[in-house]
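Got a structure for you, questions after.
For reference, chains read A, B, C and D in written order, and residue numbers begin at 1 within each chain.
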Amino acid sequence: MKKKSRFLHTPIEPFVVEGGLTADAVLARMERISFQGRNLASARRIWNRMLEDDVTIFLGMAGALSAGGLRLIVAHLIAHRYVDCLVSTGANLYHDLHETRGQHHYVGSPLADDAALAEDQIDRVYDTFASEEEFVANDNWIAGFATTLETRAYTTREFLYQLGRHLWDTTKRDGILTAAYRANVPIFCPAIADSSIGMGLSQARQKLSGAGHIDVIGDVVESANMIIRRPRTASIVLGGGTPKNFINQASVQAEYYSPEVSGHRYALQIVTDVPHFGGASGSSLEEAQSWGKLGAASPRVSVQSDATVALPLLVSALASTASAAVARRKAPVFTLASRVMTIDGQTVPHDRFEEVNESAV
Amino acid sequence: MKKKSRFLHTPIEPFVVEGGLTADAVLARMERISFQGRNLASARRIWNRMLEDDVTIFLGMAGALSAGGLRLIVAHLIAHRYVDCLVSTGANLYHDLHETRGQHHYVGSPLADDAALAEDQIDRVYDTFASEEEFVANDNWIAGFATTLETRAYTTREFLYQLGRHLWDTTKRDGILTAAYRANVPIFCPAIADSSIGMGLSQARQKLSGAGHIDVIGDVVESANMIIRRPRTASIVLGGGTPKNFINQASVQAEYYSPEVSGHRYALQIVTDVPHFGGASGSSLEEAQSWGKLGAASPRVSVQSDATVALPLLVSALASTASAAVARRKAPVFTLASRVMTIDGQTVPHDRFEEVNESAV
Amino acid sequence: MKKKSRFLHTPIEPFVVEGGLTADAVLARMERISFQGRNLASARRIWNRMLEDDVTIFLGMAGALSAGGLRLIVAHLIAHRYVDCLVSTGANLYHDLHETRGQHHYVGSPLADDAALAEDQIDRVYDTFASEEEFVANDNWIAGFATTLETRAYTTREFLYQLGRHLWDTTKRDGILTAAYRANVPIFCPAIADSSIGMGLSQARQKLSGAGHIDVIGDVVESANMIIRRPRTASIVLGGGTPKNFINQASVQAEYYSPEVSGHRYALQIVTDVPHFGGASGSSLEEAQSWGKLGAASPRVSVQSDATVALPLLVSALASTASAAVARRKAPVFTLASRVMTIDGQTVPHDRFEEVNESAV
Amino acid sequence: MKKKSRFLHTPIEPFVVEGGLTADAVLARMERISFQGRNLASARRIWNRMLEDDVTIFLGMAGALSAGGLRLIVAHLIAHRYVDCLVSTGANLYHDLHETRGQHHYVGSPLADDAALAEDQIDRVYDTFASEEEFVANDNWIAGFATTLETRAYTTREFLYQLGRHLWDTTKRDGILTAAYRANVPIFCPAIADSSIGMGLSQARQKLSGAGHIDVIGDVVESANMIIRRPRTASIVLGGGTPKNFINQASVQAEYYSPEVSGHRYALQIVTDVPHFGGASGSSLEEAQSWGKLGAASPRVSVQSDATVALPLLVSALASTASAAVARRKAPVFTLASRVMTIDGQTVPHDRFEEVNESAV
């Protein structure tokens, strides 16, 4: 009989149904099935390894996840330091603020009559509705808050920390912004101008000349300096967009100034976009290696799935199995209240890169 | 203050993370989030309603689910009568037979070198490998079995029952074909010629003149007659393809002969295909209503997800919460061992439709 | 200065806009852009090479292409022998027959009210409408025709040839079925039971006992024997589904009996499905190599696009640039009117494989 | 005979193949087919109507279109004023600058060995390669240019105009940035920080303290003021992302200050993303109506296609058939060289919104 091929070593183990399984048991039984189910099981293992290693974990977040009911998952990940730094679209932070302010998004339908919704001033996000009137009030609230700041440029990191503080002080409610404020986790929002937070900031100028200035280039410097300070990093990306690229760019930019940086040590993405149209949102983690965004030997997994399906299961499982690792973690310690942030006691400039001399390393 | 819009009634409830949640608790917390996560939670509720109602439940199955580790989920659904009739592609039955015969599919990688695999005679299904040599042996085994049958045309339903019996007799192992045999659940395979089972049948002709005859048109008649006998039906579809259309076609064909038939009473599909290219696999359940495949008021839900992600969670939850309904169910009783099947004691012809006179109803 | 990398040889040439460009000039300017645009330009080149080589060209056709306005493109490809054998879903042949019989599909909208359509007995295919009443009449017409045949099993190849003949005799109109009849191009329909043609055939049994018998396993034998007779083949696939697999399976099955067969020499697919969910429709042409469906060195290209966008441009360009190659082609010559077809004067059995002894080759 | 349904009025007209057809003739024959082919034909008609109406046409551009060979199409659209304002990702402008500086992207393969590419410092964008060394030089070139500007905050509109000017002065080559400079077409880049242009700007700070300041909130004000000045607008979007939302946001923001603004009058998008995961990139134009981003009666079309397939055909056809309309157009006239831009001679502030009193209108 023919010798068994070197390609055949680990048999697929069909998923066995049983009542009463916990989320982590479900994922454990998905370890040896195929396709995206297996990838989701791998995502749990890789996230676990990140938590057990000494790495700074970036979380990127695009798509309508906050409006879609995942904001308290992200808040949980921040509060319990499953992640160390959030990079988000403006919309996800805005929809988080909307609910933290005591308002709601509503169960709707993708088949709704949009003309009727427009007449009622209801905004639709696929199958989810919200009140435009409340949105206008949010914008105004943000504009008002922005006028209380100094009339100088803020990085989004500094601005969002202050916004989280104000939100916590006035609401005492859990959410992404408030959790990040309370846990001293930095948030970057590279495309803040492209969101209702940006609209609120723009309206601040109507109230106060010189208000609403954001230094997004400072964010580029600061995020790279974070990695120069702590070169071992991991990337978790939900949904592509600007956060995915910004997290990778920070690593590439840091590498330019420090020989110790050599791409993320782990990478995990949950995306719905595909590689073959060339866009960055759907780009593969293999491609990321060619750019040095990801180390060539770094564990990685791409899960092709809507985050609203994959994330509840994944995080529920992690909450069961990763709590010990989370408790043991030495997460980086930030101070974020000032123009200049610190990480583990060291300043992180936003106006120049920390150049690390190769010989000095 | 403005009156609240009629469109805003049920707030989104963000998913709250907690360790130790069971699969059904995870799904319960997804009921009021958005997008495909909400749809998956709805799928559980709708399946539950099917089980509590007096309907014949069809399950359609396309894609590489058996090779991909979901065959024992389908076997479980059949054995415990979460479903009453399976419509499958040939490949899913073939890969089931492969494992039931004691062989395996293997964990592989989509990045494998296909030329090297070809040299080793390893066949790849995305990230899953299998031995071509074992496949050739399966084909031969099927061909051999087919020569033991009478040299007349068999519907796929009759043939697959006999195949399941032979498989059970020789292996005593669980799988889709053996579970269906043991639970007397009919299987249709409208595109059997387009699969390795079809290849095995074709090779039977080499061994025995006149062997390997399949009456797929008989399947069309028989499946429609099943619905004429029991007009209340439900449709669960995994992955589109020929099974999706065949289940719908049976209802449309039955309606042609019986005024009591008026489309499925419930419909649930887990698909990755999309509607906007016009293909049937991705077609919406709304579109199905225009054809009368689905009643206009029938509960329905489409989940856009890889089944390897969605099904383990969904069925694990059902196994916890639907067991009472399953126990109470009066599932249709079939006999399948002969050329003519019966349902609840009545014959179901495959050579003519049971015409139901409107006045006689 | 650093030496240029071996990876950088052919620069991207941006597409330059100009009025009055012909379809082939547009495609020529797409040769050196990126992503699916480049792939579409490659598809033209590869198809051209097929036409210049001595290969039997199979065309597979799934999705709603006939209803969607591409049936005369396929008819043209058949009539002018850009292809030599069609493998189709039943639906595409049925919707072709519908129009060849003088009826229409209609411009509709995906946003239509499906309940209202159902009331009017209008069937919707995404953005396209048709009359259910006319469909019922077609089914009946097919049933009537089927009763005029001998009461024995027909391969789909033989049945569809006779159907094409009858359609031509009664309508004298161009279409897929009539073009194939007139050009003596065989059509296989492995999933014929899963279509309205299957429904029509099933209704034939109501009119005449013993009518409507189809030998789909005979198709498996016959298609493989075609390749045993002429081992050099090419595969063009539109939209995946059963035709894609059937064309590949024929090659694999043929190889089992003849050492001269070694996978398609060229492969081109225009698909919307993706590989990462494991289904055959979206599977890559690299994966096909592992199975031996495609030779390891065979030119190949996958175009990720709706065929209604890609095919009009591609075939318009081919009609300009490939006419000389088409004129020079020595396409295989078939006779299809009998139970046993011939290719280049040799019979092609459907009841046993032509075994080719290795030493005899 | 039954009366014909009101739903059936315009028959599908199958595409008829003919050699020598021009791009516009191909599109004309796609007007009455189905699915995305029909949508692409509609896109041409709607774009034509924009050109014949008195509207400001915004073009949004995401994805890797510049690297992928479409940058000279966009340059052509700008130079000939098929569009009046570009909103782009930073990457598209950066890859444009890369080629305008005389460098190239290269034809590559998605199957390349990324570890080998990384070793050679070759960056991959799906099937396209580029030299990292050249990218580093670009970043440095941008940084150097940025130090020549005043040390104050620039809107991206002002900065990109100056960048285009410098690029033209030093290269005299066609491209997006240079065409926009020469045609006085404003470019906004709301996520400029998330791109290599942002990286270049961040590096300017290393060279000169206080350099590289961008006022992205100023862009929000300025873009809305453009619409307050000229309330009739149209939106053309390639690929979703921040440009899509920014164009819509400008309209919504403008409406807040002026009763004359009521959503875009026309909308056309060519996207590959889908609506059902809730992200803005894939959101439907129907959904846009609920937000007031698009007027309820505005002509609109969504084409689900890779832009590298759809755009060459679409723009080639427009270049033939829209030239008269383009020649007749009264496009808005901008001056962009200063901190404050003008449109048709009126200033467009970036530090406060132009409030239009309802009674004054």
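As a working rule, a contact is a pair of C-beta atoms (placed from the backbone, for glycine too) under 8 Å apart; a residue touches a chain by one contact, two chains touch by 3 or more.
Given the structure is predicted, the values throughout are model-derived calculations rather than measurements.
Peer 1: Where chain A and chain B touch, do the two copies share over half of their residue numbers, giving same, or under half, giving different?
Peer 2: same
Peer 1: Taking each chain's centre as the mean position of its Cα atoms, how many Å separate chain A from chain B?
Peer 2: 38
Peer 1: With centres defined as the mean C-alpha position, give me the chain B-chain C separation in Å.
Peer 2: Computed value for the inter-centroid distance: 27 Å.
Peer 1: Please tell me the distance, in whole Å, between the geometric centres of chain A and chain C computed from their C-alpha atoms.
Peer 2: 45
Peer 1: Note the residues in chain D that touch 2 or more other chains, in rising order.
Peer 2: Only 34-36, 64, 67-68, 112, 117, 122, 125-128, 274, 276-278, 286, 304, 306, 308 qualify.
Peer 1: Which word fits the touch map of the chains here: line, ring, star, complete or other?
Peer 2: Contact map by chain: complete.
Peer 1: Given the complex with chain D, which residues does chain B contribute to the contact?
Peer 2: Those residues of chain B that touch chain D are 34-36, 274, 276-278, 304.
Peer 1: Considering only the defined contacts, which chain D positions touch chain C in the complex?
Peer 2: Of all residues in chain D, those touching chain C are 2, 4-23, 26, 29-30, 32-38, 40, 64, 67-73, 76, 99, 104-108, 111-112, 116-117, 120-122, 125-131, 133, 286, 303-306, 308-313, 315-316, 319-320, 323.
Peer 1: Residues of chain D touching chain A in their complex?
Peer 2: Listed in rising order, the residues of chain D that touch chain A are 62-64, 67-68, 91, 110, 112, 114-115, 117-118, 122-128, 132, 136, 153, 190-196, 198-199, 201-203, 205-206, 209, 212-217, 219-221, 224, 239, 241-242, 245-246, 249, 252-253, 256, 272-281, 283, 286-287, 289-292, 296, 306, 308, 351-353, 355.
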